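You will see two complexes here that share subunit A, one where it goes with subunit B and one where it goes with subunit C.
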Partner chain A sequence: MDVLFQIIASGLTLGAVYAISTVGLALVFGAMSMLNMSHGALMALGGYMAWFTLTGLGLPPALGVLVAVGVCAAVGALIYLLIARPMLGAEGFETRIFIATIGFGAVMESAILMAFGPQPKPQPLAVQGGIGLGGVHLPVQNLLILGLSMALMLALGLFLQKSRIGMAIRATAQNRDAARLMGVRIGGVYALVLAISGGLAAISGITVSSLSSLLPNMGGDPMLKAFIICVVAGLGRVPGSVVAALFIGLFEAAVQYTIGVRFSFALLLLLVIVVLIWKPQGVFGRHQGVRL
Partner chain B sequence: MPDDLVVSHLTAGYGHQTVLHDLSLRVEAGQLTALIGPNGHGKTTLLRAISGLIPAKSGEIRLGETRISGLGAAAVVARGIVHVPQGDLLFPDMTVLENLRMGAFLPAAGRREKAALDEVFSLLPKLRDRQTQIARTLSGGERRMVGIGRGLMASGRVLMLDEPSLGLAPIVIEQIYEVISGLRQAGRSLLLVEENAMRAAGIADRVHLLDHGTLAWSGTGTQLSGRPELLETYLGV
Partner chain C sequence: MTAMRRDLLLCGLFAAAALAWPMVSGLRYSVTQTTFFFIWATVVVQWNLVFGISGIFSLAQVALFAIGAYVTAMLGYYLGTSMLLAMPAGAVVAVIASIALGLACLRLYGPYVALLTLCVSQVLYVLIVNDTDCFTHPPAGCMPLMGGVRGFSRFGDLGFRDWLGSGFYIGNYYVGLALLTAAILFSILIIHSPMGLAFRALRDNPVYAAARGVDRFRYQLWIFGLSAFFTGLAGAFYAVNTGVVGPVVFSFPHLLFLLSMIVVGGVGTVWGPVIGAVVLMVADELMRELGDFRDIGMGLILVGCVVLMPKGLSGLFQSLSARLAGPAASAAEKAK
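Then we have the complex of A and B:
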């Protein structure tokens, strides 16, 4: 019983971490058919910015996180202005932007490496202590991450569903030309979506590094997981990717406890293969590319 | 003060392909102007150029004193030119109500959203009962009504309708044309693209016939009805 509870607790934490990084990717793909391969580098940038503002500048934690989110959001908007916008509407946009953002991500990772060095650094935003619940130990850090992630997802969902700008984002995702005819400036929507995704990447990078440590290439593994989750959920489906993230977190935790850590990635990929055979467009995907 | 929509020496198309060649015509305020002509001869392209979905290669488009060519789609809507596109282009995963509200997206239209919604529901009562339905699940006729209703929500000065009867059952076409005729009687400036020349002749104040991207003939609806040879030459009917 305790083991089951422990698996659920760590699985949900893992899933919550995945959800934050996945939703950013899904939002951008849903709105503009763009796979942002520099998402992992943005996560690393966010983690390092938090480290730099807290340890280097001595800012209070809330302000440090805000700066990290702001910097990554600004870089996200820059990715639109400098990389995506010149290619928009060109033939093969999806392939071009995929390759261009791989390049941009590599540049960003190298810049982080040059600025902060290759040694792992501890993320100062880690909270010590834990809560005992029966025979189960729950670290406060994990509970915080779970709460933060759910609050963020809820806020994002409300923003997309209820606000005027959220409606414009969904409209652009569902029919670009129609959105333009309603008076939506789609360039602004794209810049905003990439900025939101950048801000989420920063928070994701902070949470990931608080569970392990900061490294310039720390975003690679969570981004790979985020892609897997996006594919399982159906590319660009935002609410579906949150559900899939939690499910895959639980799946990984269960495999790690019962069979062993070394099998978890292999079994995860097997799960993806099974899902894609069963539903090639993803569990929540639909054939004709409408998303959000 | 209502303004005429004036197209002068417009050349436009897609990429290297030019569809409209040095086209000039006028859509008079408070009238229903119909565009007829064979398929693929520039009717939809003209609407797309007016609404800013495609750029003009040369020439210009004005609404009264304001030059609207070169502004971009969002700015053209803001000037009051509303385009109800062919094939509806609804937001498929939104509800009917959300689709309609998107029509009043710009702040000026948003301020009178409630009044506009009441107008749309009184003109298209069926939509009132379908408010919470997801657009993707509507029938073809209902979709068309949402498309027109969404265009009306913008409270614009000129409404452009691209083939509102396309692919609909005769009884639904009749309903749609009742709505259009109501808008005409209310003194709205309307630009209507219609495949069926006789239907256009029956309702329009003025008819422009487009052929190979140029203006082949222009006159009143009544004049068109008296020129069967025109229809035979250009439309093969």
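Then we have the complex of A and C:
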């Protein structure tokens, strides 16, 4: 019974970490059908910025996180200005932006490697200690991540539902041309969406590195998993991807406890393939009629 | 002259020039680097069939290459199979893997296919690297089934060492040249075959093509399987040529390097990937001195090409030659 609780506890933490990344990716794909392959590098950048501001500059933690989020959001907007905008609406946008962001991510990762070196660094934002609940050990860090993630998701959901800008983002995602006719400045929405996604990547990078450690290529694996979750949920489905993230986190924790850490990614992939054969649009995805 | 004749002629000229290269260049380094160029060009020419011609955004080509390499190395290492047998075996296994993968992911579209294929190669990488259980115990210690982090070495070669002595690399060079020439010929034949025509029809007017009985899924599966043969063979030859196969062949930077070749050269043309392979090999060579900046340079080349010239270098040549031919053609019109 204790094992079950332990699995649920660590599974929910994993899921919460994934959810932060996944929502950022889903938001960008929903608004502009763009798969941002430099998300992993943005996560690493966020983690390293937090390390740099706290250890290097000695700023208080809250300010450090703010700087990290700000820098990554700025880089996200930069991706829009330099890479996405010149090819918007051109033939094969989805393929080209995919390849271009792979290249941009590689550049960023190498730059981080050169600036901070290849040795793993500890994330200073980690909180020590834990709570014993019956036979289950719950690290404070994990509870913090879970709470933070849920608060962020709630705030993002409210922002998308209630604010005018959130409405513009949803309108763009639903129908780009109609939104433009209603006076939505599409370019601004795209830049904003990428900036939000960048900021979320920073927080995600900080949480991921607080559970393990900082490495220049630390974002690669979580990014692929976040994409897998996006695909399971249906690309671009924001609320669905949160549910899917928690589910995948639980699945991964269960596999790690029962079969072994080594196979968790492979089994995850197998699950995705089964889901995609069963529902090619994802579990929460709507079937979109393609007009030829 | 039809387009196919022109391409075949170019292929012949290329092969003839490459035949003479080891005699012209006395440097061993340039010959071995050209051998690597043959291998990478073979992979991207086949990848181009999948990505450019049939429009499947698959990133699995590098994994298929690695499967070819690993099967060859493992057959040689565990069973002592002759490389002449192990290489085709590696290619056949790559074809089987490709068809299985195609059945799983060809019902999806665009970015879903890219993600799924990327994940498959990443999972293979993780499974190999994290495998620490000993399968056999060679004198050097412990050997996991798939070679683990260190990979395989000393699994055999094509016998050029006994035959040519220290000049064995020239033998490998000609095998590589034969491989690339066969791969280009295969690509030309596919592009100008009814299958190529079917893909062009599907691209130009999907509804009409479907109404005339052109089954996209079937043709895509065919090309997925066919292109895997030379990709796997290139992997097998890579294993034989370098004598070492490690998980690095699955790695992401490797994929990035090959993807850049296609993008820089031009997606969907016969010669674009070959040009791209030349350009990136040269760029890689020039940036060797730069150390850490090399990876940044590679990434910047890729981003710059995708953003600034979506049709790659071959598209640039085409529009340039069209512009040069433009005034001449209109002058000829006036003279009439």
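Note that the second predicted complex is superposed on the first by the 288 of 292 C-alpha atoms of A that agree within 3 Å, B and C clash if a C-alpha of one lies under 4 Å from a C-alpha of the other, contacts with A are read in each partner's own complex, and residues count from 1 in each chain.
Following the convention adopted for this analysis, a residue touches a chain if its C-beta (ideal position, glycine included) is under 8 Å from a C-beta of that chain, and two chains touch if they have at least 3 such contacts.
The shown structure was predicted, so the numbers you read here are calculated from the model rather than taken from an experiment.
Trainee: Have a look at where A:18 lands relative to subunit B and subunit C in the superposition and call it first, second, both or neither.
Mentor: In the superposed model, A:18 contacts neither subunit B nor subunit C.
Trainee: Residues of subunit A touched by subunit B versus by subunit C: which partner has the larger set?
Mentor: C
Trainee: Counting only touches as set out at the top, which of subunit B and subunit C does A:190 meet: first, second, both, neither?
Mentor: In the superposed model, A:190 contacts neither subunit B nor subunit C.
Trainee: Looking at the overlay, what does A:273 touch: subunit B (first), subunit C (second), both, or neither?
Mentor: Only subunit C; A:273 stays clear of subunit B.
Trainee: Please indicate which partner A:80 is in contact with in the superposed arrangement: first for subunit B, second for subunit C, both, or neither.
Mentor: It touches nothing on subunit B or subunit C.
Trainee: Touching A:175, do we find subunit B (first), subunit C (second), both, or neither?
Mentor: The answer is first: A:175 touches subunit B but not subunit C.
Trainee: Per the contact definition in the header, classify A:52: touching subunit B only (first), subunit C only (second), both, or neither.
Mentor: neither
Trainee: Taking the superposition on A as described, I'd like to know which of subunit B and subunit C A:90 touches: first, second, both or neither.
Mentor: second
Trainee: Touching subunit B in one complex and subunit C in the other: list those residues of subunit A.
Mentor: The answer is residues 292 of subunit A.
Trainee: Give every residue of subunit A touching subunit C within the complex, in rising order.
Mentor: Subunit A reaches subunit C through residues 35, 82-83, 86-87, 90-92, 94-96, 98-100, 102-107, 109-111, 113-114, 220, 224, 227-228, 231, 235, 261-263, 265-266, 269, 272-273, 276-277, 280, 292.
Trainee: In the complex, go through subunit C and note every residue touching subunit A.
Mentor: 57, 104-105, 107-108, 110-112, 114-116, 118-120, 122-123, 126-127, 130-131, 206-207, 252-253, 256, 259-260, 263, 292-293, 295-296, 298-303, 306-308, 310
Trainee: Sort out for me which residues of subunit A touch subunit B in the complex.
Mentor: 164, 167-168, 170-171, 174-175, 177-185, 290-292
Trainee: For subunit B, which residues count as touching subunit A in their complex?
Mentor: So the residues of subunit B in touch with subunit A come to 51-53, 73-74, 77-78, 82-83, 85, 89-94, 98, 101-103, 105-106, 109-110, 136, 150, 154.
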